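Pasting in a structure now, in structure tokens, and then I'll have a few things to ask.
The chains carry the letters A, B and C, assigned in the order they are written, with residues numbered from 1 in each.
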Amino acid sequence: MNIKFGLKKATIVLTAALLSVNMSAKAGAVYDYIKANNELMIATDANWAPFSYIDDDGVMQGFDVEVGREIAKRMGVEARFITPDWDVITAGNWNMRWDVSVGSMTPTASRSEVLNFPAVYYYTPAAFAVHTDSPVTTLAGLNGKTICTTAASTWEMYLQGNLDMLDAPAFTYDVTPGTITSLKDGSMCADDTRLGAGVRNDGFIDSVPMIQGAIEAGYPIRFLGDPAFHEPLSLATDLGNDDPELDAELARIIAEMQSDYSLSLLSIQHFKNADGSSEDYTVAY
Amino acid sequence: MMDTKTNIPNNTEMTPVISLKGVSKWYGDFQALSNIDLEIKLKEKIVICGPSGSGKSTLIRCLNRLEAHQEGTIHVSGIELHERMKDIDVVRQDIGMVFQSFNLFPHLTVLENCMAGPNWVRGVDKSKAKERAIAMLEQVKIPEQADKYPEQLSGGQQQRVAIARSLCMQPKVMLFDEPTSALDPEMVAEVLDTMIELAKSGMTMICVTHEMGFARQVADRIVFMADGEIVEQNSPEEFFNNPQHERTKVFLDQILK
Amino acid sequence: MFVDTVIEDKALHKPAFLIGLSLTVLAIFFALNFTNSLFGEFLRPVIGDPTESGFFGRFAVSLVLTIIFVLNLFAISFFKLKVQVAIVWLELFLLFLAFAYSFDLKMSFIQSRIPLMITRGLFTTIYISAISIVLATVIAIIGAIAKLSNNGFAYAISSFYTSLFRGLPLLLQLFLIYKGLPQLGFMVDAVPAAITALSLCYGAYMTEIFRAGIQSIPRGQWEASRALGFKFNLILRKIILPQAVPIIIPPTGNQFIAMLKDSSLASVLGVWELMYLARTLGQRDFRHMEMLLTAAMIYWALTIVLEVIQARIEEKYKQKS
């Protein structure tokens, strides 16, 4: 995040803007820059274990982070992580601050207006969780209740009834919440839910592995019913700096990681169930 | 003592150092000075007096252009004071001014107050400026207070420091704007003594004051003002013994009672 | 405040006040209901199971708390002022510790994260704040002089600037700079964007402080300086600003303290400063309170350091004048 670095990029953005009439970068500009600078800037969350988090030594860890490192390695460049807020990433218009999002982003129609989705790399179920003392036993029991979720997430879209996922398994809207509480991240929802059923919310929706982690950490919460829907999770690049060459390279690397099972291996390493078994989320439903 | 060049050309005793012709000044609709004509020669001592609100302070503050006049002309040693002039600071360096409320710099010691002018604007080096400051403090008889801050001094001492501070600039003219009005009665004399000494040394002085004893003793000429006009000017003898105007008589009756 | 020479009787030593106070405190404690807290546990031998003690238990707990509270005040009232201050500080601090203790904190967790909080988080926070403080001060001096000048452009620009940047929430400014400048072709990363926003925002507040400070110097100082033939720059530098500084210091110190804490807004841009790490480091183990309280203590300690520095500088100027 040094200034010199920013200036260099600014020059490229500026040059690109001057050269091309439609204000988008010349094809291949981002990928060329990555190669020239020998560095892949990866945007991801730092607040979403076990997908991505900061360990005790201040190093980024987690499934998404490992995938990001592997992509950079196969590209032949260094990986560097940057951790802006989730809604800043999904809003697009990155101005080349980072090159790719390896942050478990579900492709949706609305997001595809500002972002490209070069490769889906795994699939997770999303589920509702409630306090262990909650009287609610079925998903329908949450109708009209207060549900918490992460702002600008697919779970929020699900609660709002406007989840426009691309290439996703069919699903139904099983819950019609009375009030939606959208917070910065899912762990804040979990913190609210553990205060008691109906205290700040009646439950929250997040990815199954995240809820699993909270339960293991001793949170008094439980899964409610079956997963609400399954979402494909993809890499994302900036449509504003459209670079087919970069997208093709990312797609090639993910396909390669799927065929040599390195992606499955990472999933098994990171996603453990309470009974000690592991999950391979990289297989499509 | 004249080790630095002065900015105002030397005058002979006959030519005026300061001359005003038809000077008028307004504050909004209120006319503070109307049609003032006045000439002051080198080494002359002028006392300006008059009831409060008569414009005497305004007049003296126009002489170094702390106030702007709107009509007429003011010349200081042949240089006209006007709003577009480039070198007002150069003219001001040669005109010392002593204020009713002293206006010493509270964050500087007495010595630093006196050294500031010569050192910062005249370009006198520090040791020389200090030498001169001490000499001037001796002249006003408070060299022992040199390292104190102004607020540690009495009013009379502060006013003497203010005089010394002006003298350090080696001015050609000294302006005094009611220098004793803010003082406790017992301190008036020490300041007036200093001013009398200064007058004896031949300084050109213009004093706005109500101290008629001082005026009688020192002034070459007394200027009496009322309602922004010069009502009469005369030698002290004539002024006190044979006032020409009714307003002058009323003023003298009140002040000498 | 300036204390009168006549000492009034202590309110606490008047029976009527003591009774009124006791009843009020009793009512408050009763309304807040501490029966199910630690205090209820202490009184278990008297009231039995706190959850089933009902009205009697609630009243008994409130009464005991009230007696402790009022006796404490009454006892403290007999000490000298300095001792009173020390005792009350200590008691409030112990209450704060009890508050923190009630979260069942895991100390080993805090210990393992503190090095990162300090080397990375605190360092970044201080780094951002320090640069912003210097820049804001420079902006404020220029802004104040421009605002006091007769130059129409300077006045218009500076008054527009203070109006705009005091009129927008800091977070909004941060986003305008972070997202807006790249659209104009100026690429700013998160840290420079945060520094720019903090400097501009606090520069605007401090412009007003500096302007007021400069204006509070009596007109006579300008006149005396001019009468000696000083030019504008010299008057400002040697006469006005040195006198304005002691007046400016207390409100400026306040601004510095506020800025130190507002630097936490950089966390929304993903800068790994103190607040960001406080929110993030507890995440994997779902131990958020540990990290938040640790960050709270670090911010507080930093603020106390700044307060001490400010007091020292004020003292220095007091001695000089």
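Convention: a residue touches a chain if its C-beta (ideal position, glycine included) is under 8 Å from a C-beta of that chain, and two chains touch if they have at least 3 such contacts.
The model shown is predicted, which means the values in this text are computed figures rather than measured ones.
Trainee: Using the touch rule stated at the top, which two chains are linked by the largest number of C-beta contacts?
Mentor: A-C
Trainee: Please identify the chain lying most centrally, where each chain is represented by the average of its Cα atoms.
Mentor: It is chain C that sits nearest the middle.
Trainee: Roughly how far is subunit A from subunit C, centre to centre by C-alpha average, rounded to an integer in Å?
Mentor: Taking the mean C-alpha position of each chain, the two centres sit 37 Å apart.
Trainee: Between subunit B and subunit C, what distance separates the C-alpha centroids? Give it in angstrom.
Mentor: About 51 Å, centre to centre.
Trainee: Can you check how far apart subunit A and subunit B are, centre to centre, with Cα atoms defining each centre and the answer in Å?
Mentor: 81
Trainee: Okay, in this complex, where on subunit B does subunit C touch?
Mentor: Touching subunit C: residues 64, 66, 89-93, 95-97, 99, 101, 103-107, 116-117, 120-121, 149, 151, 162, 165-166, 169 of subunit B.
Trainee: Under the stated contact criterion, what part of subunit A meets subunit C in this complex?
Mentor: 1-3, 5-7, 9-10, 13-14, 17, 46-50, 53-58, 82-85, 88, 93, 95-97, 185, 187, 190-191, 213-214, 217-219
Trainee: Along subunit C, where are the residues that touch subunit A in the complex?
Mentor: Spelled out, the residues of subunit C in touch with subunit A are 112-113, 116, 119-120, 179, 182-183, 185-192, 268-272, 276-277, 279-281, 283-288.
Trainee: Considering only the defined contacts, which subunit C positions touch subunit B in the complex?
Mentor: Its residues touching subunit B are 218, 220-221, 223-231, 234, 238-239, 242-243, 320-321.
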